[in-house]
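Several structures are given next for inspection.
Next, two complexes with chain A in common: one pairs it with chain B, the other with chain C.
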Partner chain A sequence: MQAVAFWILAVAAAGSGAAVFAVDSMARATFALLASFLCVGVELLLLDLRYLGVLVVLMMIMEMLVMAVFMIMYMMNPGGLMPMTMVHNHRWAIGISAAVFAALAAGILLIPWPKRQGTVPRDPAFSLGQAIMGPKMLVMMVVGIAILATMIASVVLATGRGRYDRSPGREDGAK
Partner chain B sequence: MSLDAFLLLAAALFSVGLYGALSQQSIVMLMMGLELMINALLVAGGAFWFYVAPGTADGQVLVLVAVTVMALEMAMGFAVVTALLRARDVDTTDDAGDLKG
Partner chain C sequence: MSETTPAWTVVALPLVLAGLAYSAAAMDAGLRSGGGIAAPLREGVRLIVQQRRRMHAADMLLVRAGVLSLPVAAVLAAAVIPLGRTAVWDLRVGVVWFNAMEVVAWASLWLAGWGVNSAFPLVGGYRLVAQGLAYELPHMFALITAALGAGSLDFGEVAAAQHGLWFAVWMPVAFAVYLLSALAMAFWGPMGHPLADDLAGGAAAELSGPDRLVFFAGRSALLTVAAAAAVPLFLGGASGPWLPGWAWSLVKTYAVLALLVWVRGRFPVLRMDRFMAAAWLVLIPAALLQALVVGIVVLT
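Then we have the complex of A and B:
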C-alpha cells in the first residue's frame, strides 16, 4: 500500500515538476510546481516525518500563492492564451541534466549505502525539537539570523523609495 | 519503498530543476528550477534520515534548513527581480549578464 502510494506520488512529483517548464502560462507553471511540492510533502509523511511533511505542505501552498501573484504581476502571457517558450541553450540544458541524472542514478544504485543505525523514534517531531533547542541550537540561530537578514535585504532591494531612486535635482520622484 | 527509490526520485527532481535553471530565460522561471532542485534535497534528506540514521535528528534538521533556504531564496529572488525591473526594465536572464565571466 505504502509502496504503491510512493510510486504514484513519485511519478506525480517528477511529472508535475517537468510540467512546470512545459505548460504555456506562468500561472499554470506555478501551480504545477505547487503540485510537485505537495507530492513531496506527502512523501515525507510516508517517511514518518509528520511535522516536516505538514510543514512543507502548508509552507509551499502559501509560497506558491505568493509566487503566482508575482508571476501575474511581472510576466507576459500570464493567462496562457498563446504558446510560450522562452528558453536558451535548450539542447545543452537537456543534455547536461540528463547526464547529471544518469550520474546520480548510477551513484545511487552502485554505492553500498550504510546499514540503518538506530530506530525511528515514536515522535520524530519531538526529537527534532529537542535537537534544535539542544545540540543543534547553532543551526537554529543561524537560520533565524538568515531570515532576519533576508527580510531586511529584500525590503531594501525591492523598495522604490531609496537614496538612489531619482535623478539628481528631481525632488518629485521622477527618474 | 527503499532508500534507492527515494534517492532516484530526488535525482529526477534535481535533474528537472537543473534543466529549468539552465534553460529558462525568464528569471522567475529560473527560480522555479532552483526551487525544484531544493525540493529534491528535501526528499533526499528525509530518506537519509529514515533509512540511514533515524536514531538522531540530524536528517530532520537538514530538511528544516532546506525548507528555510527555499523560502529565503524565493524572497531574495523576487527582491532582485523587482530591483532589476525597477532600475532597468529587465525581466530575462539574457539582459542581466553583467556578471558574466
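Then we have the complex of A and C:
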C-alpha cells in the first residue's frame, strides 16, 4: 500500500516537474511546479517525517503564490496569456540536464550506502534538529528572531506611501 | 492514518462539515436577506441548473483546479480537528497541517481569478494574495501562541492543556487575532475584499453554474473549519458539563460560526492596503507580545 502510494507520487512529482517545461503559460508552469513539490511533501509524510512533510506543503504553497505574482510581473510574458516556454537554449539544455541526471543516478547506484545503526527515533524531526543545532540551539533561536525582525523592519521601511496612498484625514490629498 | 480511528469517520467527516457549512450559509441568508432555512438550497439548485457562462480564451483547467481545491482543502483541514476527543486523522503536527490547508485558499482564489481571463476576477485574485501576506504572520503567531501554551502542535493536546482555564481567557490577543484571520482565510465579511462589490464580485465575478456553487460551498466550508479550529485552540475543546464531548464541540463551533456570520452583516469591507498597514504595524507586534507573555508564563 505504502509502496504503491510512493510510486504514484514519485511518478506524479516527476511528471508535473516535466510539465513545467511543456506547458505554454506561466501560470500553468508555476502550478505544475507546485504540484510537483506537493507530491514530494506527501512523500515525506509517507516516510513518517510528519513535521517536515507538512512544512513542505505549507511553505511551497505560499512560496509558489508569491512566485506566481513575481514571475508573471517580471518575466518575458506579462499577462501570461500569450504562449511562452520555460526552455531556453534548447539543445544545450537537454544535453546538460541529461548529463546531470546521469551523474546523480550513477551516484545513487555507486555510493556504498551505510547500514542503519539503531532504530528510528520517535520524533525524527526533533532528532534532526538536535543533531544539526544541538548545543547551539539558543544561538539559533536568537538568530531566527533577529532574521524575522529584520524582514519585518525592512518591509515596513520599504513601503513608503505613494502619491495616491496618503493616510485618510490628511489635508494634502487624502482619499 | 491512525489505527484507532474507525473507518466510518472518514465518510462522516465531509457530511458533518457539509451540514455545518450549510447552516452557516442558512444563518447568513437569514441575517442578511431574511431568507429561510431553505434559501441556500434554493440558490444551490438554481446554480446547478444554470447554464455556464465562459469568457473567451479562459484557462478552464486552472479555474477548475482553483474552484475544486477550496472544498477539498476545507475537508483536509477538518480531518485533523477533533470532534469530541478524536480527530479523523490523528496527526501530531495537526496545527501546522491546518495552517497549510488554509493557505490553499490563496492558490484557489488566485487560480480562479486568473483562469477566467477577465480583469475584475484577476484583481480579486491578487487581492487575496496581498490579504494573505497581511493576515498570515499574525495568524501564525496566534497559532504558535496556543501551541506554546500547550507545548504541543497536536489539536487534541492543545485542547487538553486548557483544563480549567481556556486559552481564550488568558491569551485574549491571540484569540482576537485568530478570529480576525478566520474571517480573512475565508475571505468573509470585513475581509471579503477579494470578492468585494467594487470589483463586481471580484474573483468570483465570472464563475457561474456548478462552478459558482462549488466555490461558495467551499468558502462556507472554510469558514466552518476556521470556526471549528478555534474550539480546540482557544475554547477548551470538548470539555464542558453534562453534555458529551462531541456535543460541546458542536455547540462551541456553532457559537463561533454564528459570531463570524453576524460580523459579516455588521461591519463594512476593509480595504486591503489599509488592512495591510494595520496587520504589520499593530497585529504583528501585538501577537508577538502575546507570544512573549505566554512564553514567560510557560517557563516560570
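Everything below uses one rule, namely that the second predicted complex is superposed on the first by the 116 of 175 C-alpha atoms of A that agree within 3 Å, B and C clash if a C-alpha of one lies under 4 Å from a C-alpha of the other, contacts with A are read in each partner's own complex, and residues count from 1 in each chain.
Convention: contacts are C-beta pairs under 8 Å (C-beta built on N, C-alpha and C of every residue); 3 or more make two chains touch, one makes a residue touch a chain.
Keep in mind it's a predicted model, so treat the numbers as computed, not measured.
Looking at the shared chain after the overlay, A:68 reaches chain C, while chain B stays out of its contact range.
When the two complexes are overlaid on their common chain A, residue A:55 makes contact with chain B and with chain C alike. Of the two partner chains, neither chain B nor chain C is touched by A:22. By the touch criterion defined above, A:14 reaches chain B but does not reach chain C.
Considering which of chain B and chain C touches more of chain A, the answer is B.
In the superposition on chain A, A:152 contacts chain C only, with no contact to chain B.
When the two complexes are overlaid on their common chain A, residue A:94 makes contact with chain B while staying clear of chain C.
Of the two partner chains, chain C is the only one that A:31 touches; chain B does not reach it.
The interface of chain A with chain B overlaps its interface with chain C at residues 55, 66, 155, 165.
Touching chain A in their complex are the following residues of chain C: 57, 59, 61-62, 65, 91-93, 96-97, 99-100, 103-104, 106-107, 110-111, 114-115, 117, 126, 129, 132-133, 136-137, 153, 273, 277, 280-281, 284. Put simply, chain B touches chain A in their complex at residues 1, 3-9, 11-20, 22-26, 28-29, 32-33, 35-36, 39, 42-43, 46-47, 49-58, 60-61, 63-65, 67-68, 70-72, 74-76, 78-83, 85-86, 91-94.
Residues 2-3, 6-7, 10, 13-14, 17-18, 20-21, 26, 29-30, 33, 36-37, 40, 43-44, 46-49, 52, 55-56, 59, 63, 66-67, 70-71, 74-75, 86-90, 92-94, 96-98, 100-101, 104-105, 108-109, 113-114, 116-121, 124, 127-128, 130-132, 136, 139, 143, 146-147, 150-151, 153-155, 157-158, 160, 165 of chain A are the ones touching chain B in the complex. By the touch rule above, chain A contacts chain C in their complex via residues 25, 27-28, 31, 34, 50-51, 54-55, 57-58, 61-62, 64-66, 68-69, 80-81, 123, 152, 155-156, 159, 165.
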